[in-house]
Each structure stands twice: as structure tokens, then as C-alpha cells.
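Encoded as C-alpha cells, the structure appears first; notes follow it.
Order of writing sets the labels: A, B, C and D. Residues in every chain begin at 1.
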Amino acid sequence: MTVTVATDEYGKGGVRIVKVVSDGIGDQVMDLTVEVRLRGRFADAYTGGDNSMVLPTDTMRNTVYAMAPEHLGPDIETYAVTLARHFLASPAPVDEAEVSIVQRPWARVGDRPHAFRQVDTGRRTTTVVAGQDGVAVSAGALGLRVLRTTGSAFEGFLVDGLTTLEPARDRLLSTEISAQWRYTTNPADLGATWHDVVQRLVEVFCDHDSKSVQHTLYAMGEAVLAQHPEIDHIWMSLPNKHHVPFDVARFGIAGGESVYYPFEVPHGVIEATIAR
Amino acid sequence: MTVTVATDEYGKGGVRIVKVVSDGIGDQVMDLTVEVRLRGRFADAYTGGDNSMVLPTDTMRNTVYAMAPEHLGPDIETYAVTLARHFLASPAPVDEAEVSIVQRPWARVGDRPHAFRQVDTGRRTTTVVAGQDGVAVSAGALGLRVLRTTGSAFEGFLVDGLTTLEPARDRLLSTEISAQWRYTTNPADLGATWHDVVQRLVEVFCDHDSKSVQHTLYAMGEAVLAQHPEIDHIWMSLPNKHHVPFDVARFGIAGGESVYYPFEVPHGVIEATIAR
Amino acid sequence: MTVTVATDEYGKGGVRIVKVVSDGIGDQVMDLTVEVRLRGRFADAYTGGDNSMVLPTDTMRNTVYAMAPEHLGPDIETYAVTLARHFLASPAPVDEAEVSIVQRPWARVGDRPHAFRQVDTGRRTTTVVAGQDGVAVSAGALGLRVLRTTGSAFEGFLVDGLTTLEPARDRLLSTEISAQWRYTTNPADLGATWHDVVQRLVEVFCDHDSKSVQHTLYAMGEAVLAQHPEIDHIWMSLPNKHHVPFDVARFGIAGGESVYYPFEVPHGVIEATIAR
Amino acid sequence: MTVTVATDEYGKGGVRIVKVVSDGIGDQVMDLTVEVRLRGRFADAYTGGDNSMVLPTDTMRNTVYAMAPEHLGPDIETYAVTLARHFLASPAPVDEAEVSIVQRPWARVGDRPHAFRQVDTGRRTTTVVAGQDGVAVSAGALGLRVLRTTGSAFEGFLVDGLTTLEPARDRLLSTEISAQWRYTTNPADLGATWHDVVQRLVEVFCDHDSKSVQHTLYAMGEAVLAQHPEIDHIWMSLPNKHHVPFDVARFGIAGGESVYYPFEVPHGVIEATIAR
């Protein structure tokens, strides 16, 4: 029997790095978790235990730190591109180097130049893939939790014999936005672009006359693509975090329509890619 | 052999509730996790399985929701007091009713009255204990993550044969503040007081000329007690989240002093109560 | 500007269900978390908010419970197939229905027919995709944590200017095996097959003369495919959970070679598909 | 204004250590997370930043590793006692040294001497406090998940205007046992005693004719104290992990009484100490 290595990737995950970047005003804290994945012609390592072309994952970790002094600035995309290109150029038989980064947000406390507070309104992410055909740069966001108390409906849906959901003309809607979008050309100001995309996602979520999560997801994607010609598609995940009114009327208590039981699980799954 | 119930408490944990509270400007989202614990003369339930004086924990959950329309406003302390008094007054033989609440923070998106975004800079908490001698109200905060890049030292410490730590004249210092303080008299504006205490904790952490985490913890407690006569003591936990410079000089690379490896574990434990 | 829905899927995640299945000897506890994802011609829901062909995700949840009395037996694969076929046959325009299940393991306590204890040595999983071309059944495992203290090397690897790792002739090796394999024809006894595949993965991990994680991953896949003609490929993830000897010799203490500091992060990433 | 340090403790948490202990048959893997807390006369460190009597927490970490070659054997209690005594004897002004350990369980794979698999049926714990009056040794268990499908009732409880729970004559009962018990004299075989206590807790949970969780908790404590004169009290936490039958009869489907929706939250809280 012959078996083969059909797909493979290896690398280093969970590399935590903090860099204090100084600008004219004061410090900025870059707090990152980096993951490196290499894909290529590594079959000999699997089939015969030949490590001669295997760059240790420990070296990848060292590289993340070693390139930080010169190359890690305020934009994680730029740093990821540098790392991905470095690994693609390695003597190892790499066909594709992927570098993903998640950034934890810190904000200055008042106008203090050297003191920071974590303000978690969601995390900035990037995934860069460097290969023979060039470098693909995606940016993204994780954990943007949003909620609106009105202006969201879900009616006229398909009913089968197991459907018990009542149509809702005006429901509380809450989700945790994850998104990833790809740049066909890198914007001049990666940070400003990221903030603008996130603002657009949040604002359309808040303002859209929503007939369903799907309906609003589409509007969010449309708004981003309309404003940003340098983005060719955007993927979003908008899990429906259900809030069910808790029936207190049975106890003779009024005002219960504003009191909700938020389900941890289960949650709706709604994921789509909106593209030009 | 005779064995006895030396201590006991029972109740309901993890009660999730969201209430949309409307004020003159728009809505406010109260997103809470409530825990109820009763202590009292319940030994018969243990020794003989006599449930006649056992209020089901399911009823406690119902109560959390049922009292929300009238009693849950912008201050979790007030709601916790109402709940704790209610359980103390139950026909069940309750000597002490404890209600703890953790609030997840939501902020309005721009000036929209009905749309919200989670802004996690730490969570507001309360623990209220109602008993025969009255009601003790504590407020608190969880998960205030702060970091300063300068102005913190740790030198002149005790050295034994297993000590390898080098003295630090100026180190990066980071922690996740947890705090709980007790009101001897309830402040007129519970929300404003909470925000002021948190601001004081954060600012003293940022500005203190720190000789150690202990040293700064004391200064934080001192500042809170100085400003707030209605608080008689404050407990704080300031785990030392170590950030160790990653040595890139061995690769001939300069600038490594700004590049850190943040340890997830282990962490220093520093906890103390500062009191008048 | 025209934008389109390039990819989409929707469904329900985190559906928790427990069924007590009785067999000749006693009960068996099936403790599952189910996720349903539908892919199809749902563009109108996105672009125009037309819900007429949208089966509510709440109905999917109901369906998971409603089909359990008749269809949920000891094998999660069979139940997933039934669910996936049900959703494919829905009036909704479903092209592909995917059902994934993770099972938490319970074992009888002694020979008691009705009492159980959770014994977490890893979880059984399945992913079933039903489409126009039939039904693809995969089985899998999550969280098989294994460790060997000898018989594992990593030497002769590629060295670049940032490599500091020392070659290891005999190192402690630990990982948390995740695996997923596809059945071309369903085995007569799905449960026995699952246990055999898991045993083979664990035993080859333990016994293989390992030159690297990649080398051992290949041997594990080879062993599974050699024994199971009904499996055409297997994907594995073997994160390298590093254990670094803690240097106590600097304190004049002997015996330190058996004392390790286990890194939580970072970890090596090694993932591959072994196929015929 | 004068403020004082009313309570304080400091130390090191999350110290991860693995030791391979060899016995006559093969290896044994001790996989521990250690926490050290010192209490004493450390006020000067707080009020004036005087570190001269502060043993760095980094040194505590080193100590955990440095004492492992000689002192860490198969019983975590013994190791914790050694560590606690060491810290009490430090030149630092320690009044009380507390060492807590949680052990992750590994089992040999078949009869292999050097290969292991994690079998998580709950974790062994210990807390040792060394002070002027001697050393108090507690042992414990975390995460013993158990479930019984019959033989558990909850009836005749107190009903108030917010009670909606129906009495249950025969319900599914599930919990995650946490326990901690104190030895007045250390048993000759700490490991065997631990296993016996855990077995007793699990078996009484399974076999008791239960009128409530409280009722069963008492029986569990009684059984442990009856068998083990060297234990003077045992604390237990038995959160009630609710499983609610999912109503499928409304769909005309039979057999629904064996299908449950397991709540993640909320859960009942039941905690008590049973003492002689």
C-alpha cells in the first residue's frame, strides 16, 4: 500500500509579542499573537524523517521577535507581509507562507504618553499569504459585539411541521461581528482604512432597516465595497445571539417586554462573502 | 458517629439577564449575570431530605427576572439590595442573603438612542449581603487591564540561594485590576462614585512612582479612601503580568529593548485590603 | 455598483442535547453538541430581505430534538446522516446540508446501569455533508492528549541565522491529537471502527521511532489507512506541546533532567492529510 | 488620614511543572500547576516601598522547580508540605505559607512504561498551610462530572408566588463534584486515601435515594467521614447542572422523555461543609 501526504502545513502558533512603538506624542503598545504556517515540498520529512529541509518552528518564533525592532510599526499588515516574505525566501522548500496576527487594543490613559488601558471593542487581525504569484493581504476584525433594541424584524419565513418560532416585527438583535476583507491594492493608510471599514460595519448594523440577519449582512458588505474600491470581497460571520423576552406577565407583573433572557447557546450561524 | 452541617449555602449562579432601560435620551442596556446565595437554618434538608423550607433555586431565577421591570435601573447595587432583601424576607429560614452581580458594559454608538457596542474596559460588580444586622453593600470592578512602559522599579529585594531575578530600575508593568470596596453609607450617585473610584485606581496605577506592585497597590487604596469617606476599606488584586524583553542582541539586532515576551503564566499574585 | 453573495451558509450552532439510550444492559448517555449549516440558493434573502425560503434556525434546533427519540442511537454518524438528509429534503433551496457533532464521553460507574462518570480521554466527532451527489461521512476525534518520555528525536534540521534550537536525540514529546477521516463506505460497526482508529493513532504515537512530529504523523496515518480500507484519507493536527527542561543545575541541584517547564504557548503547528 | 494594610498576601500563581517520576515498573507523569501565597509582616513594602524583606515571586517559581528533583514524588500533598515549610523558614517575615496544587491526570497506555494518555475524570488537588502552629494539610478533587438517570427526586419544596417548578419524583441528576477535606493526621498512603474518598463520593452520588442535592451531599460527606477517621471535615460543591426534557410531544412525537436540553447556565449552587 502506498499512502501520500496530500496536504500539509506546519509552523508556530500562539507567539505572543508586545512592542512599545514610540511616535512623536508618546508610546503605542502593539500587543500581538502571531501564527506562522508554511506550505511546500516537505514530503520527505513525513515519509522518511528527513529534517534537512525543515526550518524548526522554534526558529519561526525567534524570527517573529528578531524582525520586530525594525519592522513592527503601527500596522500589523505591514509586519505580516515582511514576515511572510522572509519565510518564503527561506532555503526551506516553501511554496506558500501564511502569517496571521491578532492585535489586542490598548488606548492611552488621558494624555499620558506612557500609560495604557485595554479597551476591548474588538480586535484587529490580518492574514497575509506570500507565494510565487505574489502577496495577498487581508485585514479583519474579531469580536465586535453590537446590539440594537429596535428596527429589526424576522417575518414571512418558511414554516414546516417543526417550526414554532413566532414572526417578529421588531426584535432585539445582537451579534458579534467577525469580518475579513482582501485588499487588491494596499491602501495608503492601512490603519485609517481599517477603522473606516469597522465603523461602516457597525453603523450599517445599527441603522439598517433589517428584515433578517442575512439582509443586514448584505447591506454591511455593500457599504464597505461601495466605499473601498481597493477591497474586492469581504467575508462576515454574524452569529445571532438570541435574546428572548422572559414572561413575567404570568406573575401579574407589567413591563416584562424590556426584560430578556440572553441565550449563550444555541446561536444562529450566518456567514457569507460579499464580492464585486 | 454523628456528623453535622458545619457551613452551608445554596442558591442560583449564572443567571443571565438583559434589560433595556429607557431614559430621556434613549435606551441603556443593562447586561447582567446574577448569583444568589442563601445561608440559614437548612440542616433538615441535608440530614433528612426535608424540602419543606427549601425555596427552589428555579424560583430564585424567576425572581431575578420578575423584579427587573420595576427594580432594575442603571445601578446594579440598588437592584442587588432589592433582591437580597426579598430573599431575606422569604418564608424560608434565611439568615443571610447574598446577591452578586457582574455587569457587561455597552456604550451607545454615536448619538444613536437604540444602538450599542460593547466596550470592554472592565466590568462593574456588586456584592450585597442582607442579614439581621442590616445590608452591607460592596461595589467592585473586574478586568481593568492596564500597562505602563516606564516609572516602575523593583530593586533591593531579598535574595536567597534560588534567586535569579535581576533588579529592575525601570520596567514595563502590567496588571489586570480587580477591586471590591465597601460602602458604610451609600453614596447619593452610585454610578458616578463607581466611575470615580475606577478612574482613581487607573490613574494612580499610571502615575505612581512605583517601587513595587505592593507599593502601588497601597497608593491606589490610599487615594480611593482619601477621596471617598463613604468607603471604609478596599480589596485589590493586582496580578503581575510579566513582560520579559526578548534577547535579539544575540542575533546582532539592535532595538530589542522595546520587544517583550508577555508571559501568560506564571504571574505574580499581589492581593491586599487597605482600610481606615 | 453591483455586489453579489459569493458564498453563504447559515444554520444553528451550539445545540446541546442529551439522550439516555437504553440497551439490554442499562442506559447509555449520549451527550452531544450539534451544528447545522445549510448552503444553497438563498441570495434573495440577502439582497432583498425575502425570507420566504428561509427555514428559521430555531426550527433546525427543534429538529435536532424532534428526530432524537427515533433516530439518535449509539452512533453519532448515523444521527448526523439522518439530520443532514432531512435538511437537504426541506422545501428550502438547500444544495448542501452539513451536520457536525461533538460527543462528550460518559462511562458507567462500575456495573451500575443508570449512573455515569465523565471520562475525558478525547471526544468523538462526525461531520456529514449531504448534497446532490450523495452523502459524505467523516468521523473524527478531538482532544486526545498523549505524552511519551523517550524515543523521540529532532535532529539534522535546517539552520539559519536565527536558529537557536539545539538538536535533540531523545526528547519528551507531547501533543493533543485532532483527527478527521472519511469513509468511502460506511463500516458495519461505526463505534468499533472509531475505537480502533483512535487506538491505532495513540499506539503509533507511543511506539513509533520518531525523528520528528511530521515523521510520526505520517506513520499514524499510514497505520490507519493500512488497517481500514473503508477510509480514503485522514487529516491530523498534532500541535507540538513543548516541554523544556528547567535548569536547576545552576543551583547545584542534580536530577533536573526529569523536571520540565511545559509551555502553554507558543506551540508547534503540524497538520497534514494522509491519503491513498 | 491614616490607612493601613488590613490583609495581604502575595506569591506566584500558574506555575506549571511536569516531572517524570520513575518507579520499578516505568515512568509516572506528575503534571502540576502550583500556586504559592505568603502572608506575614510585609506592611513596609506597601507603605514605603521597602523591598528588603520581599522574596521575589520569581524566586518562588524557581523554588518550585528546584525542589522538584528531590521532593516531588507521587503524592502532591508531600511536595506541597515541603514547599510550604521552605517558605515559612525563609528570612522573609512569613507568618503563613500556603501552597496549592492541581494535578492533571495521566495514565499509562497499555503496559507501556514510557507512554501516557490524559484521562480526565477529575483532578487531584491539595492545599497546605504552614504556620507557627504547624502544618494543615487538605486534599481535594475538582471536576468529577457525574450523572444518574434515575433515583433522584425533588418534591415538597417551599412554594411562593414566583415558583413555577413542578415537583419531580424521578429526575435526571448531574453535577460536577468539587471537594476538599482536611487531614487531622496524614494517612499512611495519601494516594490510596485520595482514591478511596473520590470513589466514595462518586458511589454515594450514584446510589443514594436522593430527595435533593442537599440530601445527597450530606450522605456523601457522612460516608467519607465514617470511613476515614483521619478526616475531620469535608467541604463539597455540587452545582445542579439542570437537564430539562425537551417537549417533542407537541410535534406528535413519542419517546421525548429521554431527550434533554442540558442548561449551561444558570445552575443551582449547593455548597456545604460536613464535619464531625
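Rule of thumb we're sticking to: a residue touches a chain if its C-beta (ideal position, glycine included) is under 8 Å from a C-beta of that chain, and two chains touch if they have at least 3 such contacts.
Here the structure is a predicted model, which means the values were calculated and not measured.
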* Of all the other chains, whose mean CA position lies farthest from chain A? -> D
* To do: Determine which of the two chain pairs, B-C or B-D, is joined by the larger number of C-beta pairs in contact.
  => B-D
* So how far apart, in whole Å, are chain B and chain D when each is placed at the average of its C-alpha atoms? -> 23
* Hey, how far is the Cα centre of chain B from the one of chain C, in Å? -> 37
* Centre-to-centre distance between chain B and chain A (centres being mean Cα positions), rounded to whole Å -> 29
* Hey, what residues on chain D touch two or more of the other chains? -> 16, 62, 66, 162, 164, 251, 264-265
* Residue ranges of chain B in contact with chain D within the complex -> 1-16, 35-37, 42, 45-59, 61-63, 66, 90-92, 154-160, 162-165, 210-212, 214-215, 217-218, 221-222, 225-226, 233, 235, 239-240, 264-276
* Structure fact -> The chain A residues in contact with chain D across the complex are 161-162, 164, 250-251, 264-265
* Which of the residues in chain C come into contact with chain D in the complex? -> 16-22, 27, 29, 31, 62, 65-66, 68-70, 72, 106, 109-110, 112, 114-121, 144-151, 172, 202-203, 205-207, 243, 246, 248, 251, 253-256, 258-262, 264
